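Each chain gets a letter, A, B, C, D, E and F, in the order it is written, and its residues are counted from 1.
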Amino acid sequence: MKKLSHLDRSGKARMVDVSRKTATTREAVARGMIFMKKATLALIMDNQVAKGDAIGTARIAGIMAAKKTPGLIPLCHPLQISSVSIDFDFDRNKGRIAIESRVRVTGQTGVEMEALTAVSVAALTIYDMCKAVDKEMVISDIMLIKKTGGKSGPFLRP
Amino acid sequence: MKKLSHLDRSGKARMVDVSRKTATTREAVARGMIFMKKATLALIMDNQVAKGDAIGTARIAGIMAAKKTPGLIPLCHPLQISSVSIDFDFDRNKGRIAIESRVRVTGQTGVEMEALTAVSVAALTIYDMCKAVDKEMVISDIMLIKKTGGKSGPFLRP
Amino acid sequence: MKKLSHLDRSGKARMVDVSRKTATTREAVARGMIFMKKATLALIMDNQVAKGDAIGTARIAGIMAAKKTPGLIPLCHPLQISSVSIDFDFDRNKGRIAIESRVRVTGQTGVEMEALTAVSVAALTIYDMCKAVDKEMVISDIMLIKKTGGKSGPFLRP
Amino acid sequence: MKKLSHLDRSGKARMVDVSRKTATTREAVARGMIFMKKATLALIMDNQVAKGDAIGTARIAGIMAAKKTPGLIPLCHPLQISSVSIDFDFDRNKGRIAIESRVRVTGQTGVEMEALTAVSVAALTIYDMCKAVDKEMVISDIMLIKKTGGKSGPFLRP
Amino acid sequence: MKKLSHLDRSGKARMVDVSRKTATTREAVARGMIFMKKATLALIMDNQVAKGDAIGTARIAGIMAAKKTPGLIPLCHPLQISSVSIDFDFDRNKGRIAIESRVRVTGQTGVEMEALTAVSVAALTIYDMCKAVDKEMVISDIMLIKKTGGKSGPFLRP
Amino acid sequence: MKKLSHLDRSGKARMVDVSRKTATTREAVARGMIFMKKATLALIMDNQVAKGDAIGTARIAGIMAAKKTPGLIPLCHPLQISSVSIDFDFDRNKGRIAIESRVRVTGQTGVEMEALTAVSVAALTIYDMCKAVDKEMVISDIMLIKKTGGKSGPFLRP
């Protein structure tokens, strides 16, 4: 029967012991969306055209957040991330920015949380920069897309 | 014509000057969802019944994240938050946990980002604790519900 | 009947709302001890005589820890500390260093936790620097000595 | 003759070079106490019975503090902790909570400081949550109980 | 006779008490340079032309560093910064980027350190991004240009 | 043709992938200067004679900053530093303090940024402690002196 690995037998929180796991190269890809008014998205895209910093700021925030993950998520293991990249895709008609992060590590545990945190903080940063003109933005569909490396085998979102 | 306040005339990022804004009491309420398999939610709810730490851990992670917001979101102002609380609501049939945060401050700028960050990190923490049994969870519908205080007047999500 | 202020009616953790409290000047004094072998204390005192960094390092660690308190103690409010000082007193016969911190703030809540955290981290830093020669050191008697300012009135440890 | 390893020949602070030490699995166990009025302890234990967050909050604070150790203790090495767990034991008659932490790592240096920091911050968190009803609590007897792994051999507190 | 304000009478470090100082609006402007091979500067300027992230990344790093100043500089007071902006100026012939930061606060102490830290970290970030092609870059001439607000009166670098 | 490694083909920032690089022992030495009025330097040197904390504080700030480097420099990899030491050299006639840091690691990437950050923050800390008596200090000549280990071979500043 399945159980929550971060809780001991009595249900108390703990950081799971990974000391016997093998250090392998692991990768995780996560994705998320932020929906906004079309006029708000237009302001961001115009800023891009004008070589502005809007999306670049969200990218840096996401990359830095990946490194802060073990300080944010209480039971996450500290890891020496090998790489992080974040891509943005714009859908002008739907007023939507898709955010995708890719994180790699050589370590005893995976980087799903790092990838999901990078996407979340990149989305929150876009919210912050646009909130003066649009408070109704919605951050949605944050999910793990892919995970490779480690004993449990690859995961690919169906 | 509207523009993105966190960018200067040439589109470069900056932390907006709030030095002439009045320090008033401000509040923000944010909400978000995490969707999972019913069996996963059952594990969390069983842990609650057994006085376990699962939801308590997510709550603490969210509260601490509210305080870390200016370190995560590049152009956010540092603030001395007056209070943070986070509530969880479970829908066993939909496999859904709703998370609501409420943040208050007496300051020169609002706490929308703190409230949204608290919800996001609480949701990520739930993901972390359940990911060994369910990698397909989705974090969604993170949005600002209400905002009061400050010159721009109250906001209530329609 | 008394209750724990950091827990709501249902016993859940929250950051207490201080938004209606008056900002006043508040001070807290805390104290603690670290006990060690006399030979270990002699090494520290010899380092002092030689203008070394041992106690200075513990002092800086304690001062910086006071500033980190809201990041360490989950339900602590962020505060703009006005001053921190830390003093050390050596008792060569008892193999004991007494550590006293004094923290001041103008704010809506007190700085007891900042003062106690400063003492704790200063003591841990001494432990760290001496642990290669003495693993049996004991940190003890960390307590609040005095607290002034705020509505609840002054506290002086009996 | 023994000397303080964190100080160079002239007594100046440095982070000791561990680059030639072998990465082995290391464990440390630390313990500490917090003493309080019996009525204060009763409030905490009632909260436990009511499935509240008091002790869970202290546990999470301690686990997160273990990860923050190299940012708190100036000469501590950054480490990728493999696991942390914290247990609490209540003595209603003595008004005493005993806190025990266990930290594991595969690395070039030990985790004594992580274990001691976890205990200290868990105790400070209990102080914070109870200080509105009891300012005379005392944190005491923080000590290393056990240490295994590494060249210097095991340590077991006599 | 003048003395170092951050040291007490016996020469020990302390965080100076600012609790009796008036909270006023204060501003600081700092400047610094990074010198590099002309070919290195050309790569950065080409990236700008191509709407790349190089300078934007350095700007965000500098703004975020201003907020981290009290965590970096041991005796600095925590402050709620009101604004930060950073500008870059390129001299293609001299292989030089000039960096200027401007920081504002309403508080009991000034923001010189925040402005100087922002410039330093922006310069270090440029070094980091270019070090694969040019290890001989030099960061120089970091200085305070202007300071206004506070009891000691305005400072303007001669 | 050379290009900036921290930018992808389209010029966007990323954390470079080091997952295929071999973990080797690497060392970096950096240096920097802070220039001040002779009277200011005399105050620092008098403090040293009096066994004061001025230079010790700057040393600790620099060592701790080395550990914070990946949190400051957006595209820097987190690393488990093996050692850090910082030396100061005084030139009373020139009103100049030279700062030299030496950082070692066993890892997949080098520690140039850690060494440069340590020097920068040590210099900023000296500025902070002396700014009440001398606002015209200048931090200069921060540069990499030496780098060993890693595939690209040793670097020695000409």
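Quick notes on this structure:
Heads up, the rule we're going with is that a residue touches a chain if its C-beta (ideal position, glycine included) is under 8 Å from a C-beta of that chain, and two chains touch if they have at least 3 such contacts.
For clarity, every value in this text was computed on a predicted model and none was experimentally measured.
Touch-path distance (fewest steps) from chain D to chain F is 1.
Under the contact definition, chain A and chain D share the contacting chains B, F.
Greatest centre-to-centre distance from chain C is found for A, with centres as Cα means. Chain centres were defined as the mean of their Cα atoms; on that basis the chain farthest from chain F turns out to be B. Mean C-alpha positions place chain C and chain D at a centre distance of 15 Å.
For the pair chain C and chain E, the distance between C-alpha centroids works out to 31 Å.
Residue positions 12-13, 51, 53, 56-57, 59-61, 64, 68, 71, 74-75, 78-80 of chain C are each in touch with at least two other chains.
According to the touch criterion at the top of this document, the contacting chain pairs are A-B, A-D, A-E, A-F, B-C, B-D, B-E, C-D, C-E, C-F, D-F, E-F.
Remark: chain E residues 8, 12-19, 70-71, 74-75, 77-80, 107-108 touch chain C in the complex.
Residues of chain C touching chain F in their complex: 48, 51, 53, 56-57, 59-61, 64.
Every residue of chain B that touches chain C in the complex is listed here, in rising order: 25, 56, 59-60, 63-64, 66-68, 78-86, 104-106.
For chain E in complex with chain F, the touching residues are 2-7, 10-13, 32, 39, 43-44, 47, 50-54, 56-57, 60-61, 64-65, 68, 71-76, 112-113, 116-117, 120-121, 123-125, 127-133, 135-144, 147, 155, 157-158.
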